[in-house]
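Here come two complexes built around subunit A, the first alongside subunit B, the second alongside subunit C.
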Partner chain A sequence: MKKYWWKGLTILILFYVIIGGFLLEVPRLNILNETIRALYFHVPMWFGMIIMLAISLYHSIAFLNKSNPISDIRASEYANIGVVFGVLGIVTGMFWAQYTWGEWWSGDPKQNASAIGLLIYLAYFVLRGSLEDQEQKARISAVYNIFAFCALIPLLFILPRLTDSLHPGSGGNPGFNAYDLDSRLRLVFYPAVIGWALLGVWVATLRIRIRKIENALYQ
Partner chain B sequence: MAFDNIVAKFHLLNSSVLNIIKKELTIEWRQRYAINGILLYLVSTIFICYLSFNVRTNVLQPITWNALFWIIQLFVAINAIAKSFIQDREGRYLYYYSLFSAKSLIIARTIYNSALMLVLAILGFVIYSVILGNPIENIALFLINLVLASISFSFALTMISAIASKASNSQTLMAILGFPVILPMLLMIIKISKNAIDGLDYSASYQEIVTLVAINMIVATASYILFPYLWRN
Partner chain C sequence: MKRLMVMLAMLISATLNAQDKIKIQDSDYNNSDVAMADIMRSEGKIYVVVGVLLVIFAVLIYYLVRLERRTSKLEQQLDNHQENNND
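For the complex of A and B:
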């Protein structure tokens, strides 16, 4: 991933998403109105979070297999950026909720589930902080990371579908496959997911390089 | 031939699991202060709730009754299960290491903790209903839920206790790591329990029970696979 082309691509895609996201035509729907543009900025945050956490999970598994210290740095940095995406997802979601549901936080199952999900990963960083020995820190936090991901799956994908929610895509509200995601929205939405995810990977690789340099300097 | 091998291995695992459970019971019986401490913790928490709500029996709202009961159970579970790995010294681990495999240790501890949690949950339920009243209409469903809850607490928290025991501030970590992992299960448990209080039919809680069992299976599989990595020092 040391080549430059994908970084240029990220910048291009994100410019397109921001300009296109604000200026292109969107379907006129009741209540949603212009807030439907949150689809380009709020939903990709969750996609980004899941992708980052999945990459982090992959590196944690790799660490348990090979005990390579680089894997631990990668796992923790991808988890870091995943949490940033999660926080941005909650904040953008709250803005959207303020305009459509009328409240910043209305205790919707989706809101609660994402807040719990963030707590799980914040606990991961507390765990990392409280272990002294480097090798032990890497191994135990890798174990917790895998365990946390297993706990996150039911939280994000199963539980919100069991309870009534006002969130688009559940409880009979229009979601991904219904009329509101028509082809005009897709034109920006799919690039948005790719663009934000690539940006996440970019930030993570930069931070991994910084961590590697720091480690080399301290040794 | 391969099948025989698997059966033989299963027998070996089984007997060592039974042995560890026996050992845990013996140790628990010899050091009765630990279990007595948990029991006293349970009773005093219930009593504190009774006094702070300042209620006579049967006047607590069912929703409050439900939430309070499960919060008490959660804290008792965290305290009871925390000791399963945190109380053991480093030296004893080395000794265990020479005696049995990591997998049989985690299975045995999980089963033992489930049984312990079940005893505590039933005791807690009896004391709680005596002091704060009992609004439940579908007792059978509530008891099934109690069993499921004990198993869920044990499945999730035994592994967390093993993780937390490796760090320095393990008691705090136990709570921090445990709460978010147990929360999805707790939400399901509280919902089933609410259905039992309202006297709804089993079919109303069917979906929640299946979800709870499914989450338990995910967590149990993850613990079973991950524990050997944790134990290796």
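For the complex of A and C:
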């Protein structure tokens, strides 16, 4: 029972996010209108992705230190769920952008950069699939994972800020990042980030356990 | 531990934001010039939407829990099998 408490917490938090996200009061802002509620669901996907990829990075470094094959499985499964969050982020972002910015894809620097970032991570899985030798696969993909994370951070957090972006709201654009999250929005937003990240960890640990069973069977 | 701290610092710095943001005012919550789904809310139909989402989410979570139970069972079977082989 002790092992499972945080899974119950995950479910409670996400129930709260769905109910609070739709029913609590939000500021009435031009252009965004009711779509501001997408903030509670779209942005936590990106936070979830970054958290999952950071955990993946941690396990890749651990693998290079200790050469424990379990670290390699963990790194690849956390990267996997991270990319799932990233794809959800980009798809929900396009949907939201269609209604607020007028186009599915407007070549916004942050949109482009996150697409490149996801491609870098897809290449991680291509790389893994193309190597036969287990030890070699683990080592090369761990090094690549460190490179991928280091490329992702400037792509998502530095480069889009150096130029005009629809995201940070230059030229009076009401894209959400233009606004400071106030305390009432944070009341749902932060639990959403924590809830989705915990759900990501839950799914990742389950996949890691299945991979361990597979490994035991093939030995 | 040191490595963890460095990673934590990286994550925190990644969420730092530029300062030139617009504050959300209390008046934004009462600005009736901006169209919102007020009628849908006053008719209580929003509860239908929330209800549908909650049902879907609850069933997906139930499915995930069942999947986990099945995985635990497989792990146990594998453990028993390996013990038998070692005897």
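Definition applied: the second predicted complex is superposed on the first by the 204 of 219 C-alpha atoms of A that agree within 3 Å, B and C clash if a C-alpha of one lies under 4 Å from a C-alpha of the other, contacts with A are read in each partner's own complex, and residues count from 1 in each chain.
The rule we apply is simple: contacts are C-beta pairs under 8 Å (C-beta built on N, C-alpha and C of every residue); 3 or more make two chains touch, one makes a residue touch a chain.
Keep in mind that what you see is a predicted model, and the values were worked out from it rather than measured.
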item: Combined model on subunit A: subunit C and subunit B, fit or clash; value: fit
item: First (subunit B), second (subunit C), both or neither touched by A:58; value: second
item: Partner chain(s) touched by A:153 [first = subunit B, second = subunit C, both, neither]; value: both
item: Which of subunit B and subunit C A:144 touches, first, second, both or neither; value: first
item: In the superposition, subunit B vs subunit C on subunit A residues touched; value: C
item: Which of subunit B and subunit C A:9 touches, first, second, both or neither; value: neither
item: Subunit B versus subunit C as contact partner of A:119, first or second or both or neither; value: first
item: Touched partner set for A:91, first subunit B, second subunit C, both or neither; value: neither
item: Partner chain(s) touched by A:19 [first = subunit B, second = subunit C, both, neither]; value: second
item: Per-pair minimum CA distance [subunit C against subunit B, superposed on A] in Å; value: 13
item: Shared contact residues on subunit A - subunit B and subunit C; value: 153
item: Touch list for subunit A against partner subunit C, complex; value: 7, 11, 14-15, 18-19, 22-23, 25-30, 33-34, 50-51, 54, 57-58, 61, 153, 156-157, 161, 168-169, 177-182, 184-185, 202-203, 206, 209-210, 212-213, 216-217
item: Parts of subunit B lying in touch with subunit A, wherever the complex brings them together; value: 156, 159-160, 163, 166-169, 173, 176-177, 179-181, 183-184, 187-188, 207-208, 211, 214-215, 218-219, 221-223, 226, 229-230, 232
item: In the complex with subunit A, residue positions of subunit C that touch it; value: 3-4, 7, 10-11, 14, 17-18, 21-24, 28-37, 46, 49-50, 53-54, 57, 61, 64-65, 67-68, 71, 74-75, 78, 82
item: Residue ranges of subunit A touching subunit B (in the complex, touch as defined); value: 64, 113, 116-117, 119-120, 123, 126-127, 130-132, 136, 139-140, 142-144, 146-148, 150-151, 153-155, 158-159, 162
